[in-house]
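Each of the two complexes below includes chain A, the first together with chain B, the second together with chain C.
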Partner chain A sequence: MEEQLRKEARRLLTEGEVAVVIGYGWNSRKTRVTPVFITNPDDADKLVFNALCVNNLSIYLTRKYKDIKALGKPAIVAKGCDIKNIVICVSEGQVARDNVYIIGMSCTGVVYKQELWQGELTDNIMPTKCHNCEVRNPHVTDIVIGDKVDFTPPEEPTGMVFDKIREFDRKTPKERWDFWIDHFNRCIKCYACRQACSLCYCERCITDKNQPQWIETSAHERGNLAWNLIRAQHLTGRCTECGECERACPANIPLNLVNSKQALIVKESFGYKSGFDMEEHPPMIVYKPEDKDDFIK
Partner chain B sequence: MSEKSQATAPGGFEPKITALVCNWCTYAGADLAGTSRMEYRPNVRIVKLPCTGRIDPLFIIKAFEKGADGVLVSGCHPGDCHYTAGNYHSRRRWVGFKGLMEFTGIDMRRLHFSWISASEAIKWVDLINNVTDEVKALGPFTDYQQINE
Partner chain C sequence: MILSKEKLGALVEQVKISGALFAAPAVDGGQVVMKSVNVADEISFDYVITANSAKEYLFPQTETIAVVEIEKNKVKLSAVEPDAPETVLFGVRPCDAAAFASLRSVFTWDFIDESYTKREDKSIVLSVACTKGDEGCFCTSVGLKPDTTDGSDLQLKETTDGGSFVVEALTDKGKEFVKKFSDVFDDGSADTKAIFTPDEIPGGVDIEKIKERLADPAHYADPVWPELARKCFGCGACTFSCPTCHCFDITDEGDVFSTERKKNWDACQIDNFTLHASGHNPRDTQTKRWRNRFMCKFHIYPKKFTTKGCVGCGRCVRVCPVRLDITEVMAEFSK
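Coming up: the complex of A and B.
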């Protein structure tokens, strides 16, 4: 699989079809994989792909990384879940489909955190998204690397996040409030969740605007709550549940819980699943006159 | 008369209600209530905005942050928007935001959404009275006020 990937990368760079291949490579001690940017065909052997490749590289296609954009047309090594983010970026006009070459990787799952890796991929170290993955065979690609994976996701989403949501739905508002305040309390406003997200691509984030200042920037409970609510709200109907925000969070706030809840609401209300169709507009920028409004008096 | 004296009873808890309303329908409806000399609870603070589409979820968060015990968001009925589709867009946004607020544990009796047209002064009066009474029964929003300290 890796050989096939390297061969394709070498071909793309030699033939000048792309200027840079964004992929995964070993760190110096070969313990973790990190993003690599290959511009020279001779370096194509640095590319690897294995269960440690949990990072969502689609972030390097956004305008957050102008230096990478300046290199020229990129090819990106992407798992199905990463492609979902690329699809959203395309549907929101951030990337033109013709301006990116997607090397889709057949995937059998990745580890939730690289430090959990013990040499074997087991169910309990996989993130929730892998247990419910519909795109182990990547869905929007220019080329697919690897053999077809035979996996049917369970009908009812499973995994820790969804168990937690079901448990949450039975709780009283007060219990939920205490749970979240307890978690948001720990937020240090480092904005790693925003920086790691390929859909949080605003040139100026609402929290960086200070005239007027809608969200308090000190790591105080009041601003923490406002920030975390608005982050989730701005991703409603867009988030693909890739889990990068939660992985990046140094305070271990269960952000995927709220993201997944929002995704469930959007699916129930508008029948929309993000990241599959780049012709379809995300649900929050379109409307239907017959949308439900039973909660509006 | 007895109802009025209850609402303004000295020493009792008087909730602060923030109403985020659109200029063209609900504000005009409230205006009609005023010019018709209808009486309703004085607990409501009206913030007039051009359209419900202009109501950012941050406004609601900010209202709670600044000590509101309840928030009411109101605009034109579907199909009546002065800007054609502002209320349709905001309705979608509210579906997401309401779910988020519920998930966070904010009591939905403190956050209300409604459609009130320029001629529905009676609906406005009833709504304000109902929301005020409901929030009054719940008491001050101490949960939120505590995190302000």
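Coming up: the complex of A and C.
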């Protein structure tokens, strides 16, 4: 699979079809993978693909990365879940489909965090998204690398996040409030959640607007709640549950819980699943006369 | 001198009775962090290093430094005294303890920042030498050791049987602490566990060479910078978890009639850190921002102070979502 990937990268760069291949490579100790930007065909052998490749590299396609943009047209090594983010970026006019070459990777799952890797990919170190993955055979690509993966996701979503959501749904509003206040209290306002998210592509975030300061930047209870609510709400119906925000959070705040709960609500209310259709806009940014309104009470 | 783990309960209790805060490694949100504990049972001993550094006890993430109140035609401005409780910082790793010396250098440099010094004066640092570590640890590469005593008032080393610590009082503050809580410390000595030593950084590190290369402005144009740093996506996880990063922002919160002036942690990795009011941003790409952080640790800081700009705790390596490993950059600039 890696050979096939390197061959394709080499071809793309040699023929000048793209200027850079954004993919994964080893760190110097060969213990972790890290994003690499291959511009020379001779460096294509640096590309790797394995269960440690958890990063969603689609972040580098967004306009914040001026120096990466300046390199020229990119090819991106992307798992199905990463491609969902590219789909949203295309549907929201952030990335032109013709301006990115998608190297779709057949995937059998990745680790939740690289630190958990003990040499084998077991169910308990895979994130919830992998247990319910509908795109192990990537869905929007220019080429697919790897053999077809035979996997049917379960009908009822499974995994730790959904177990927690079911448990959460049985709680009282007071208990839920206390749960989130407790978790958000650990927030250090480093904005790793925002920076890791390819759908948080605003060049000027609402929290950076300080005349007036709409969102208090202090890491106190009020400021943390405001930030985390805004982040979640700006992603309602757009979030693809890739899990990068939670993975990036140094304070271990269970952000997937809020993201997946929102996705369930959006699916139920609008029949929309984000990241599949480049032509369709996420429901919260468009109005349709037939939108359900029975949640307005 | 020996401090038995069994007597830690009594120590926590006595410290709490004296009115002081007792912060120690304890589990919160699924990871071991420095936090205020009420009983010794909360304390974790099974950790490489706490996820957060202990700096937040001396340099809080957020604090109010002034209050403005408007009443009809009167504007009342008042300074807010820093809240500086007596604090016992137990189980701090030696690298984090050394970082307090680094923070002091900055906060007492051209201006005495009392909100830091008052807290530090009222704190006592009980470091525990490292008997284990991980791939992120690199204190030996910056000239420290896993049992460095800089910044510690007392240093503890775990005994071979794991039941106690051998205690060494290093400062007057440390000696006074032992005297004050003398019934929990026993005379004697014991064999201690072997000290952990971090692996050599692949390629090797030469701090002097790094300084020399960074002193030459030619490195600004070195194409190695974008190669190394363009993957950074500009969160503040490394700086906020760093025990020596000390930048802060001042912001006003409140309404027209009552405003609090806040001093909050800030991070040089965030894109608007250097954004000018004119709209110009001298560090307009992530590569430049990352280069600045590296230069701060190994060039700008060491030029001004004798304390360490980087203590090698490795948190930035562990928390980085893109695994931008500072040790790889150190190896590159040691060439």
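Just so it is clear, the second predicted complex is superposed on the first by the 294 of 297 C-alpha atoms of A that agree within 3 Å, B and C clash if a C-alpha of one lies under 4 Å from a C-alpha of the other, contacts with A are read in each partner's own complex, and residues count from 1 in each chain.
The definition used in the following text is that contacts are C-beta pairs under 8 Å (C-beta built on N, C-alpha and C of every residue); 3 or more make two chains touch, one makes a residue touch a chain.
Computed from a predicted model, the values in this text were never measured in an experiment.
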{"item": "A:R247 touches, of chain B and chain C: first, second, both or neither?", "value": "second"}
{"item": "Which of chain B and chain C A:R176 touches, first, second, both or neither", "value": "first"}
{"item": "Which of chain B and chain C A:Y101 touches, first, second, both or neither", "value": "neither"}
{"item": "Touching partner for A:F276 - first (chain B), second (chain C), both, neither", "value": "neither"}
{"item": "Partner chain(s) touched by A:W214 [first = chain B, second = chain C, both, neither]", "value": "first"}
{"item": "Footprint of chain A on chain C - complex, ascending", "value": "28-31, 51-52, 61-62, 135, 202-203, 226-227, 230-231, 233-237, 239-241, 249, 251-253, 262, 264-265, 267, 270-272, 284-287, 318-319, 321-325, 328, 331"}
{"item": "Chain B - residues contacting chain A, complex", "value": "56-58, 61-62, 65, 78-79, 85, 88-89, 91-108, 112-115, 127, 143, 147-148"}
{"item": "In the complex, chain A residues that touch chain C", "value": "27-29, 31-37, 55, 59-60, 64-68, 114-115, 183, 186, 188-192, 194-196, 204, 208, 210, 213, 216-220, 223, 244, 247-248, 250-253"}
{"item": "Chain B-facing residues of chain A, complex", "value": "168, 171, 173-181, 206, 214-215, 221-222, 225-226, 229-230, 232-233, 236-237, 258, 261-262, 265-266, 269-270, 283-289, 291-293, 295-297"}
